[in-house]
Each structure stands twice: as structure tokens, then as C-alpha cells.
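Quick one: this structure, given as C-alpha cells, is what I'll be asking you about.
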Amino acid sequence: MRAKKFDKANYQRLVIVGVLLVIMLALTVLSDRFLTIDNITNVLRQQVATVIAGCAVTLLMVSGNFDLSIGSIMAIAGSMTAIFVTWGMPVAVAVLIAVLIGTVVGVINGLLVILLDVPSIIATLGTMYAVRGAAWVITGGNSVSRGLSRDFTVLGRGYVGPIPLCLLITAIIFLLFFFIQHKTLLGKYAFAIGGNRRTALLSGINVRRVGVALYVLVGALSAFAGSMTASRLGVGNANIGDGFEFDVVVAVVLGGTSLDGGEGSVFGMLIGALIVGFIANGLNLMGVYSFYQEIVKGVVLVGAVLLDRVLQRRLQA
Amino acid sequence: MHSNDYILEMRGIVKRYPGVMALKGVDFAVQRNTVHCLVGENGAGKSTLIKILTGVERMTEGSITLDGRPYAGRNVREAMNAGISTVYQELNIVNQLTVAENLTLGRESNRFGVLKSNPQERSFSMLREFAPDVPLNRPVSRLSFAEKQLLEIVKAVSTDAKLVIMDEPTAALSKRESERLYEVVRKLKARGITVIYISHVLDDIFTIGDEVTALRDGNIVGTRAVESTTREELVEMMVGKVVHSGYSTDGRTPGDVLLEARDLSTRSVHALNFTLKKGEILGFYGLRGGGKSETARALFGLDRLTGGQLLIEGKNVKIRNPQQAMRLGLAMVPEERLSEGLFMKLSVSDNIAVTNYKNTSRLCVVNEKNKDAIAEKYAHDLNIKLHSIRQRASTLSGGNQQKVVISKCLNARTRVLMLDEPSRGIDVGAKEEIYAIIRQLAGQGVGILVFSSEYEEIAALCDRVALMLNGEIIAMRKNSELDTREVHILTMGKGDKA
Amino acid sequence: MKKVLTILLTLALCLSLFVVAAAEEDDPIVIGQVFWGLHDSYQHAHQVQTQKYCDELGIEYIPIDGQMKPEVQAAGMEDLIARGVDGIICQAYDQASMELSIQAAQDAGIPVVSFVNVSSGDVLYPSVEMAEEAGAIEMGRIVGEKFKENFPDTNVKLVTISDPSVEWAHNQRTMAFVRGLQEVFPDLEHVFNGGKSDREIAYSTVEDVLQRDPEVNVIFGYDAENGLGAIAALEASGRGQAEDYVCKTEMVVSVDGSTDEILKVMDPNSSYVATLALRPSENARACVDMMLKVINGEIDMYDTTQNVKIPSFVIDCWNMDIASTEQFMLEEWEIEIDIAAELGL
């Protein structure tokens, strides 16, 4: 039974949780304002979009694919949600349609990558530009703020009792994907395809269908993250989500997902997102100048992955 | 005899590849619930026959009856549905998944895509029976090769397979692991499953085989009951009457000792002792897994030495990586020409120049003219057939590709040239040409090591031959002392390894 | 072992939570500032000046980079609110979104002073404005008059490198400059507007415009990046030249007053003729002063009637000499520079 405890996946989880705790401990010592309920809630809220999109992106990357268009999907979905609300549509319907738009982009990505065999980086780089452009066209480059009903900000800033609504929703989505990863065919197949595509094919898995499904999920969730961000900001703005794809990839990779696929977990991604969030927040609180913050971010990213590598090699030796 | 006694009957199977006839009208029948061994040298047609059976390749002519019904074998899926499962040498396992996940991969019990918790799969109980010490929740990456193979066998069998094909399953197994595998094969038989067992290892055949069929040059030589045959008969069926064709010293007289191995050991070879003289062609012959390729890897710095010494021209050298090996004048023509030996997307001249850019460049700037001139010279010397030196390597024929690889090695000012399976995948005419080149190089004083599992090749080329089994040199023979039957019986092994 | 370690760490964290909650003591005034984006020479100078002024006053100062992204700005505001600062200075990238954050701060009892942006009416807060509009109009007028002398009998063909999605800058800088120029040239041809706030984009945009319309003779960049990108493109095509401040083919104008722009303006051989110089020191001090007034209760945190306007300053090659320009640079940007030496005069 001892052997089971040290399974690679569990082990990786331990390392990343350890890194998070060390960082939190360090920040607590360095800034007396860090460890307060308000501040922790803030960080969680700031990472909501990353975690929501990251859930689906984790599975996509586990299956060995990549999506660069998520920031753009976020922008178009956020802008469209705002526009629909200014037309008088109920917020829930507006969000739903925005998510559908994200789904459509996901389908396009899936078709390009899985069915037409365009390398995923190139295909989604293409949709990244095209969708961002579409968002600018739709908003005319301006932010959509006039004529938004009060309800618009509920999704991003509302509360259920003492708990921010956006955290509640994110928790539900996270649990759903935790379930998908561990308990459904989609999750298993993502790992199988990423681990050994040939074997997956020979085992009778419909590799293409799984691939497209994952892109669709990524599209839908990125769009939802976009609606939520727009709601939090109180405007629809085509500039949001610029560089978001990298924030998500950083969280996913910190969480132990291999860039070659086959390994990873949404739990790890969550911890990765928190690490990124806490570092940025802690450094802000300490008044560290933004240029230095970037350096710290880079060092932590590479450092955490390196630490994982080194410890893993020790374990195997 | 009722045809019902046969689970599989293949009749008049012909497979034509462009320019080659791999199977020349094969009749092959397998009795129900037996272990039927299939033997034959490389290129005899075994794998082609299996590929046709498993739907990987289509036959050109012929018909197949499986379990009394006609069977077309159009694709892998159809073969699986018909109850044919294959355990390939190259295992089909997802390393990142657990044992249980691999066993059920593609056939998970689920409701609307949600996995049922703790399913009691038939494959799980089978695994418990076959490999009680492999826990279901262990990641496959932490299993040994033998355990992975067991896993794959269980996976193959648990799909209601009637016919299980095993492709050289003991090639990568230790003696003890092989014993376990025999046990598994017996259990399969007890379950009423028929096994087609492909192997070079005579021990395997005499331990578990019921019948054995030998293939040679795309023809069936014969089928025997294992009880009523002998090792000698089997070897003769496989290799036929070998004529020592083409061997000649061309007036070569080997010179001083160039390379000497003293008790050279790595994880997979043990205490190798041999010498190579200038202008000598030394062969290494044995089955796959016997230690030939491993010897080459050790010499070329790809595997770490665990003991012993290597001397080049009497000087003790340490080779830790291929760069060092090449600096010392060693060069290797790898077996996997396409993936290891050539940059398929680069031009012929780029390929040749890559091993020695020093003589074609100045201050890191490549002199194109100079480079092409060197490539032209080799193309002429080695008679490489091409329309331009700038042509992509991928557009050449196999034989000419091999010549490019050899040119590459020569360009590196090689003193010792190692060739791993030098004529694999090359047609007969080109083969002779390659042999001529090798002899010519030896005549120029290059020491040559040939690693081959083709007996004819060894016999035609080598001045001396080291016979390998289980990572050891079990005998050293001069060309004139070579006896086909003895060589085969020796290298197919008693399997003395514990 | 690992488990024990994990538990210990968690315990330590929880403990410190209580310690922190208990240790609320009197400390100096803390002011946070969320910048538009610190990768910009003006913004950087503004940050440096604020830091310096706060140090003088014994105020703790926390600058945060908005990175020209509304979501980053919102996160920065949240961090400062959680930090419990005494006041926040901010400059919005997206005003509507920033106003939500301002409201959140005010709800938490933290006053906000806005730099540049003026309350739109939904959310009320005091502002320090840059009175750029008047300066831009004046600069347009000056350039128009000099253009007439420089290129008699020629109509203005104007290109503006300006991002209309940044509304305040486009209106108060670009369009104000155009209005000033129109006072002299009512029939001027405004042949192109476009660009972001990026030197490379400005460069390639101007390159393309020159291909299409070589007759262009006034180019306006709405910040340092765009002006410098434009002059670089002109120089690359053999233009952008002057002789003793008399331009050969066109006049280049921009807004910001950074060192590089000023060196160009003072260069008698360059057709870069004017820049509307922002005043980082003046602006930084005005923001902090107003913040302190709000914190001390002299101005109500919802008061929009006492906004301060800091006029911008036109530096052109005709009315300013090298000495007075050096003086300005030292005072506002804290940059000591020997313009004559830099230009090799």
C-alpha cells in the first residue's frame, strides 16, 4: 500500500501543493495584509477566468493538443454578452448565447485541428486573430457600457450569502471537470490519446470525436469565462483576455500537465492558478514594481517545474 | 480430415509488393486449440502473413477461412471482431494510464459516458489469474516489460479472442520471464484458445509448441508436429541448403590490431572479448535480443559501460557518447536507416556533409561548392544513383540511401565502420553492391564490424564471426569454419541464462 | 512525514491569520496607485515623481501596473482595497469598468482620486485633469502658422497616428490638435487616422501611408511612441529633414514631451517640430495633494466640483530654446540632459 501512496500523480500533487503553501507562508511573513479573508477572496476572484477556462484546457492539453484562441473567445463572448444585454435581453440568455458563440469557435478549431489535420498551434493562432478581429468589429473598438442593466454585474460581482457568486459557479465547474477527468470516458480517453495515440486508435476509441469534443468544451468554457470577466468589469470590451492563453497555460503547466500530453490534472491546474494569483497579489501588496514582478513570475514558473523534475528523478532513482 | 478441426485455413495466399513477391502462394492451416509455431528467417514472409491475417495489409490473392466462415480481413477492426487478437513486439500500451485503465481502454463500461464505479471486468479477474502480483491501480509506466506484455495478452484475450497471435514474445524477456510466459500460453490453451506463436527461439517451440510451420522465401517449407521433429530438422527447414556465396578475401590481409575489447560489459552484454584488425571484416551474428545491437551501442557510446576496457590501436579509450566515438574514428550505419541514419528532408550533399562540416566550412559558414564537391566524389566512388546531389534523401531507393549513410560515415574519416543490418530492406542487386563497397573499404584498411541477423550476409562478408546469445559471445568462427547448422543451433539457444 | 509537514504548514498559516487580524496598529498613510500602463515613458516618470514626493511627505506608496488591460486594472484595485490603503489614485484604461472598481473602493470607505478621467456621472469622484485640450489646440495653431511660413501656398495634408478607442486621448489630443490646425487651414485634408500606442505599429503605418500618399506634410502622433515611430519611418525613406528648423518635406508633431521627442524637436536638422509636453512632476504632486485633501476631509470623496487642471506645455522649435528646454526637463522629468552635446551641435 505504501507504493500506491507514492504514485506519480499523487506525488506531483503533493509537490505543487507544497509550493503553494511555501509561497503563501512567505507572503504572509512578508506582508501583514496578505492573509486576510478579503484578500484571499480577491485572489480567488481574480483567478476565476483562468480556472474556468483552465478546466477544459487541462483536458485538451492532456490529450496532446493546444488552443491559443481562448483569450479571443473570451473577448468576443464578453463583448457579445454586454451587447445583448444592452438590447434588453435577460442576462442569463445573453450569457447562454455568448457561450454558444464560444462553442462555435470551438467547433471550428476542432474541425481544423482534428479533421483537417492543421497543427493545433497554427489553427488556433488563426482563430485567435480572426476572433479578436471580429470582437473589435462588433464593438467598433469601443467598450460597451451604456445601457447595461444592473443585473449585468451580478455574475461577476454578486453574492450568494457571504460567498461571491462567481466563486460558487467556478467551484461547480471545477468539481464537474474533476468528475469528468476521473469518472468519465471523455476524461479517460483524453489521457489515453495523449499518452499513446496509436494504442487509443487500436483500442477502438473514436479519437477524432474526443478531440473535437475537447475543443468544443474549451470554446464554451472560455466564452463563459469571458462573460464572467465582462460582468466583473461592468463593460464589454474587446481588449480583455489579451495574453490570457498564456496565463492559462502557465497554470496548467504549473499543475503538472505535460506539454506532450498524457499527464496532468485539473486539480493541479487549480493549484497552479492559485500560485500565479497569489504571487501577483502578494507582490502588488508589497508594492514591488511591476517590472520585477515579471521576473519573479518567470523564475517561479521555471523553478516549480524544475523542482518537480528534480524530485521526480530522485524518486525514480 | 474435417475442415472443422481447423480454426484457420489460409489458401493460396499471394502478396505482391512493388517489385517483390513476399508470399508466393502460401497454404497455412492451424488446428483448433493448439499452439502453432511459425518460424523462418527475417524476410521469409512471417510478418507479411500475420499482417494479412490481422487486417493491417490486404492480400493480393488467396482466401481465408476462419472458424468455418470466409474471412476477408479488410481492416484491424474486422480482425478484432472476428476474434483475432495480436500481441505485437512493440506493445500497445498507454504508459500514463493504470493497469485497469489500459485493460478496459476503448471498452469501458459506462452509462451515458459516465464510468461505472468499480466495474467487475472479466479482464480484471483474468489478470488476477495470470498475474496475481500486478495491482490494477498501478500506473503502467512502473511495470516491467514482461508485466506489460502480460497485460497486453490479457487485454487481447479478454475480447473473446479465439485466435491469439504472439509476435516473438520472448525476444525481450529474461529466462525466468520466458518461463512465466510459457505458463500463460498453456493457460490460454486450457481456455480453448488457439495461439499462433512466432519465434526464432527453438527453446520456445520445443517447450510449448504443438505444431510448427517453417516459411522460407515466401513459401511454406513444411509443417511438423513438434514431438516428431528435431532442432536439426527445423533449422534445415528454415535456412535450407546454404551455399556460401560470394565470400572472398580479395587478397586482403588484415593488418595491425585496430580495436580490442577486454571484458566489455553493459547492462545487456557481458564480458565481451574480441579484436578487430585493420582491413578485417568481423561479423556479429545472433537472434534479436542476443546482444548484437547492444554490442554496437556499447562501442558507439550509446550505452554506459559497466565494466571492461576498450582499446583503440593499443590505447585505452573511454567512449561516453557518439561524439567521442566519432572523434576516435568510429562510425555507425544504424539499422533504422530512415529514422536514425538520414535526414530525409535534406539533400544528399547535406546528409553527407553533416558528419564533418569542418572540412566544408570556414568560421562556421558552409562552403556550398566545397560541400557539393565532396558529396559528388562519394556519389561517384560509391556509385550512388541520383539525378542531382541536391536531391532530397527521401527520394532515393533503399540501396542508394544506404550508400549515402555509408558516405556520411566515410566523410567522418572513419577507421572503424560499424554496420547494423547493412542490407535490411535493400533489394538483391543493391545488396551485392553494398557488399562490394564494404569489401573495398576493408581493402583500404578500414576495420569493419557487421552486425546482422541474416546468416547469408555474415557468411558472404565476414572474415571472422562472433556468435552471440543472451548478451555473450558464445563462439568465434573463421569464415572457413562456418557450419550453417552448427551456427543456427548455437545461436537459437539452449538459454543457459538464469 | 509529508502529511505532518503539510499539516504544520497549514497550522502556521491559520495561526498567522489570527495574529494579523489582531495586529491592527497605527501606521503611516498608505496611498496606492493603479497606472494605465507602466511600459510608457510618461507613466514611468509619473510613478517615479510620485514615489519621490511620497517619500518627502513620509507616505507609504504602492504603485500597480495596469498593463493597459481592464482586467488587470480591476485586479489591482481589488488588491489595494484588500490591502486597506488610505486612498487610491488611478487612471482608467476603460473608464466604465474602472468606475465599478472606484465604487467598490468607495463602498469600502477608501477614497479615490482619478487622474485624467473625469466622473461620468454614475460614480462620483474628484479628478486631476490634464488640460491637454487647450494645449493641443494651441499647438495646432502654432504649427499651422509656421507651416504657412515654411510651405507657402501649400494646403495641409494631415495624418494622425491615434487610437480612437482610447477616447479621451483621441479627443483631447488628436482632435483638439486638428481643430487648432483648422483655425489656420480650414480646408486641410485629413487623409488618414490609425495606429495604437506602439512605435513599431506607428512606423509601419506611416510607411504604408507614405506609399499611398507621398504628399502628406503634417504628421501627428498622439503620444511619444507614435511620434517617434512616425519620424523613424520618414527618416528611413529619406525624409524627416530640416535645415536650421526650416522643414523640407513635412512637419511632425506629438504629445508627451519625453527626452527622445525633445531631442528631435531641438534638432535643427529634423522636421520634428513640436511636442505637447506632459508634466509628470506637476501631475504627480497634484494627484497626491488632492488625495491628501480628500483623506483629511478637506474635499469630500464624492466631490466633482474641485477638480484640478494641469495645463500641458508646448515645446516647439521656434519659441523654446535649448536652455529653457533643459530647465523644463530637469524640473518635470528630473532628467539632466545636455541637449547640445546629445545632438552634437
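When the chains are written out, they are named A, B and C in that same order, and each has its own residue count from 1.
Everything that follows uses one rule, which is that contacts are C-beta pairs under 8 Å (C-beta built on N, C-alpha and C of every residue); 3 or more make two chains touch, one makes a residue touch a chain.
All of these numbers come straight from a predicted model, not from anything done at the bench.
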item	value
Reference subunit C; chain at largest CA-centroid distance	B
Most contacted chain pair (by C-beta pair count)	A-C
Central subunit by CA centre of mass proxy	A
Subunit B-subunit C separation of Cα centroids, rounded to whole Å	70
Mean-CA-position distance for subunit B and subunit A (Å)	46
Centroid distance [mean C-alpha coordinates] between subunit C and subunit A, Å	33
Residue numbers of subunit C (touch at least two other chains)	none
For subunit B, residues that touch 2 or more chains besides their own	none
Residues of subunit B defined as touching subunit A within the complex	76-77, 80, 92-97, 101, 105-108, 110, 113-115, 117, 135, 137-139, 141-142
Complex contact set, residues of subunit A against subunit C	14, 17-18, 21-22, 24-25, 28-29, 32-36, 38-39, 41-42, 45-46, 49, 141-143, 145-146, 153, 157, 229, 232-235, 237, 239-243, 280-281, 284-285, 287, 289-291, 293
Of subunit C, residues touching subunit A in the complex	2, 5-6, 9-10, 12-13, 16-17, 20-21, 23, 38, 60-65, 67-71, 74-76, 78-84, 94-97, 99-100, 104, 163-165, 167
Subunit B-touching residues of subunit A, taken from the complex the two chains share	3-4, 7-9, 183-186, 188, 191-192, 194-196, 198-200, 202-205, 262-263
